[in-house]
Amino acid sequence: MELTVYLAGQIHDDWRDQLKESAKQKGLPLNFVAPQTNHDRSDDIGEAILGDQPGNLYRDDAASSINNLRTQVLMQKSDVVIALFGEKYKQWNTAMDASTAIALNKPTIIVRPESLIHPLKELSNKANVTVETVDQALEVLGYIFE
Amino acid sequence: MELTVYLAGQIHDDWRDQLKESAKQKGLPLNFVAPQTNHDRSDDIGEAILGDQPGNLYRDDAASSINNLRTQVLMQKSDVVIALFGEKYKQWNTAMDASTAIALNKPTIIVRPESLIHPLKELSNKANVTVETVDQALEVLGYIFE
Amino acid sequence: MELTVYLAGQIHDDWRDQLKESAKQKGLPLNFVAPQTNHDRSDDIGEAILGDQPGNLYRDDAASSINNLRTQVLMQKSDVVIALFGEKYKQWNTAMDASTAIALNKPTIIVRPESLIHPLKELSNKANVTVETVDQALEVLGYIFE
Amino acid sequence: MELTVYLAGQIHDDWRDQLKESAKQKGLPLNFVAPQTNHDRSDDIGEAILGDQPGNLYRDDAASSINNLRTQVLMQKSDVVIALFGEKYKQWNTAMDASTAIALNKPTIIVRPESLIHPLKELSNKANVTVETVDQALEVLGYIFE
Amino acid sequence: MELTVYLAGQIHDDWRDQLKESAKQKGLPLNFVAPQTNHDRSDDIGEAILGDQPGNLYRDDAASSINNLRTQVLMQKSDVVIALFGEKYKQWNTAMDASTAIALNKPTIIVRPESLIHPLKELSNKANVTVETVDQALEVLGYIFE
Amino acid sequence: MELTVYLAGQIHDDWRDQLKESAKQKGLPLNFVAPQTNHDRSDDIGEAILGDQPGNLYRDDAASSINNLRTQVLMQKSDVVIALFGEKYKQWNTAMDASTAIALNKPTIIVRPESLIHPLKELSNKANVTVETVDQALEVLGYIFE
Amino acid sequence: MELTVYLAGQIHDDWRDQLKESAKQKGLPLNFVAPQTNHDRSDDIGEAILGDQPGNLYRDDAASSINNLRTQVLMQKSDVVIALFGEKYKQWNTAMDASTAIALNKPTIIVRPESLIHPLKELSNKANVTVETVDQALEVLGYIFE
Amino acid sequence: MELTVYLAGQIHDDWRDQLKESAKQKGLPLNFVAPQTNHDRSDDIGEAILGDQPGNLYRDDAASSINNLRTQVLMQKSDVVIALFGEKYKQWNTAMDASTAIALNKPTIIVRPESLIHPLKELSNKANVTVETVDQALEVLGYIFE
């Protein structure tokens, strides 16, 4: 049995690569999918495909329509969702992806530092599990295969 | 026909009262429900009912379990959801409520200032309508009754 | 038992008023809801609430977001959907409303002239009943109360 | 990960073959399914299997029942739907397929020329993405695999 | 609390009237809905509304489309379904209504004589309760209010 | 806004009456529904309606089919479920009702003494809120109306 | 693409074997599943596994519980359902399987002789396609692969 | 066709290994999944991943959140659920898993000794089949492949 895992969260560093490398070392039968992690590409994708838009609102809406299609396809293929929150950025997409996953009955793990306990308390309470590090999230997934 | 409207968003000022007053003046047949808007009460409700908890994590989890039950009951009773975002606070509960509403096929209006276009772009794109003021959200609801 | 009926179809003449008058004369316990039937208002509603948009594409998208919210609210309140097709206009909204209703298991009646049998054949086959006049649709609804 | 794509739209030219060829050249792992694209076969299939029918209404209903079964099977197998609209034909099946896909939470891309912005505005607003060319639709799908 | 009860079953005698009378005498807060119980009207309704059809197959299909719309509306309004089977008639509509109700999670009571135990065994096993008389079915409903 | 509350749990003492009395004193707009609380009636109901059964297995199955119909009707009418666990009895029906409510997205409160923390830990974790007394459960419901 | 087809209908002759042979000759990529077709085994399965039962009612209920589990597993694995009706037998299981499939949005083909048009008219109207021979049903399936 | 079977029930002896061995000897194409069967590991998993907790309530809640994620993932992958009840232990997780499976339309077999007929009567009545031994459960699964 292989599981497909959607990795929601910021796209400003390489946490997903580290997670994949760690999963590989542990020999876990996991496939990972994720939002577009090239930040510029993610912001530009609307105009890249649809052409110039008349202002930031329209440029952002064009990009988000394509990002949302991508996420919808990949999340529907997923068995589990990991959502990473950190101290930087607003991360409303992460909250959106985690909440959507929970509403669709996708088992969901939230990763967040101790400093975010309070602002994430309601979302943490709805998720299956909340941990503080990506490694802990992977331990949770590893536990499924024990 | 009356509609019940869930008002998601921050609980630090009286925007809901203004909205209700405005709806009343327009004669719109709307009932409003909302999260607990007394901030201290919302944070204390876990320990108020369940007793002292051994630290902030547990205190917050106790409160959030009761806040989440409240939201689940009231959102299931709602026909429309309005989610207000502002420039202050992390507002992950607002993102969670809006995302959950959308996943449950509840018609959803997002209210956010121009400065938040970019960080909210994916969530705005999934909502039915995004406006900049609470009055505009009410105009959208009024349009249903025309 | 009262039923709420969503009246999908073109908004260029007063067929809904005639239907309502006829239902009233027959004493049928029906409430009717519908899309915005003031055509200019329907096209203008986006800019009326959201302000001027930078071109027709954006003006139309703004209007449609609000029209779609209205339809979603009202169709969720409905027990039956009547969708009227005529020989004029593209009527893709009518096809969209009827198809959505069918996918949501809302009992659906299509009204179309004989000349449209062929292009509507797949949609007619998926609807519960297809008739040629609005009066026939009302007879079908009356039959529920016999 | 391979994706199955349902190609809704007119069946009067070879746009699907061009799309498939283009997908192949780009090396995208896509499988395509579609309605019957032989127009005569699509119209005749009812009588071909069920025998002569007593008039056009019945001939069309027989054909459409089989076409609808085909579409239902194939759309349920699909991960994404592309719906192409052009300037010719009524294309109510295209509107029906796109609307059904959206109601079933299938990620959906609409392709339509600029001239159809206005009549398709509500359906475009409900779809994930609207583009003007089939190549753009393929770029959107390619973006999922980046 | 009032309950709405759909009464599926043959339409050749007045068992529904007896049931309603008995419910009234017991003071149970039940509303009853049912298929068209005038057998000729049920068979004629297609041609009565849609006009003459070219043969029995088409006449029957026209009638059934309207009967099915009626049943779909009324069953969606129901809280419980009673399905009566007897020794006469094929009663495939009764089997269809009971099976549909069960698939939709409507609590369902089957009434059948001892002689039909064997041919109804799988359907009985899927229903909530199987009894032998209409009075027993009413006792089951009465038990809900104890 | 009134809420209907299903009260799952043992039927050996009058905890439901105390809860109702307490809700009344607090002026909470709650309606309560519950399984049959007369224990003998609950065990006898199968034979009472269906006649003598050939042994305990069959007597129990007959009774449970009618008890399950009752619960299904009443839980579908409910907005919230309270499930009380105590130290006596196996209480598998309580576990069944709570688990079913959670799977159906009914907001659920578990009441259990401290001694049952361990054996109920997975079910508690899935419920919205777990408290130790019926009064606390009522405080949670009261919080919805603040 | 391979499709799995559930073959509902009587189990008194070898129509399924003929269908499978015919599908094989046509090279259609179809897998077939079905109820237990050994009639005695189907009737005996309850007592065979659970031991002697105290009468026909209980013997039949035991068998049907196992037959229903089998059907539920196999129908959930199926992409299409074919339901064959003939002139003999009550065939309420066939009606139950077809109705369940339709309620679960499984594309469904009914096969019935001309003599059964009238008693099956409502079920035929709800199915996707109704044909008169098993070969025609196979032609419909073959059309999906054209 | 292979089936995946979730084995709910106590984790204090090796009944699952015996079942798997027996399935292997019969050549049944079954894959088995289950909760964590190492009891200490199951109780410790919360603190093992999340670190020390401030008391038994919190230790148990931490463990149960991870056990529940595991069960949710594996049950969603399953085609059938077997739930074993014995005379020891409270077994509320077994009741929870069986009830959840039934609510999600997973075909479910309950295994319980004769002594538990009465306390399990409602849950048995909702399951597809109830047997007394694990071997009988396997016979039921074997019957699917006949």
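By letter and in written order, the chains are A, B, C, D, E, F, G and H; residue numbering begins at 1 in each of them.
Please note the rule applied: a contact is a pair of C-beta atoms (placed from the backbone, for glycine too) under 8 Å apart; a residue touches a chain by one contact, two chains touch by 3 or more.
What you see is a predicted model, and the numbers here were worked out from it, not measured in a lab.
Trainee: Supply the minimal count of touching-chain steps required to go from chain A to chain D.
Mentor: Between chain A and chain D, the shortest chain-hopping route counts 1.
Trainee: Which chains are in contact with both chain A and chain G?
Mentor: Under the touch definition, chain A and chain G have D, H as mutual neighbours.
Trainee: If we look at chain D and chain G, which chains touch each of them?
Mentor: E
Trainee: Quick check on chain G against chain H: do more than half of the interface residue numbers occur in both copies, making it same, or fewer, making it different?
Mentor: Different; most numbers are used by only one of chain G and chain H.
Trainee: Of the chain pairs A-C and C-E, which one is connected by the greater count of C-beta contacts?
Mentor: Most C-beta pairs in contact, of the two: C-E.
Trainee: In angstrom, rounded to a whole number, how far apart do the mean CA points of chain F and chain G lie?
Mentor: One centre to the other, that is 39 Å.
Trainee: Measuring centre to centre with CA averages, how many angstrom lie between chain A and chain F?
Mentor: Each chain's C-alpha centroid was found; their separation is 38 Å.
Trainee: Suppose each chain is reduced to the average of its Cα coordinates; what separation in Å results between chain B and chain C?
Mentor: The answer is 31 Å.
Trainee: Quick check: how many Å separate the C-alpha centres of chain A and chain B?
Mentor: Comparing mean C-alpha positions, chain B is 23 Å from chain A.
Trainee: Which chain F residues reach two or more other chains?
Mentor: Within chain F, the residues that touch at least two other chains are 65, 68.
Trainee: For this entry, which pairs of chains touch?
Mentor: Between chains, contact exists in these pairs: A-B, A-C, A-D, A-H, B-C, B-F, B-H, C-D, C-E, D-E, D-G, E-F, E-G, F-G, F-H, G-H.
Trainee: Can you check the complex and tell me which residues of chain H touch chain B?
Mentor: 54-55, 58
Trainee: Give every residue of chain B touching chain A within the complex, in rising order.
Mentor: Counting only chain B, the residues touching chain A are 56-57, 60-61, 63-65, 67-68, 71, 89-93, 95-100, 102-104, 117-126.
Trainee: Name, in rising order, each residue of chain B that touches chain C in their complex.
Mentor: 1, 3, 79-80, 105, 107, 109, 128-131, 136, 139-140, 143-144, 146
Trainee: For the complex, which residues does chain A have touching chain D?
Mentor: By the definition above, chain A touches chain D via 4, 31, 33, 36, 38, 41, 45, 48-50, 65-66, 68-70, 72-74, 76-77.
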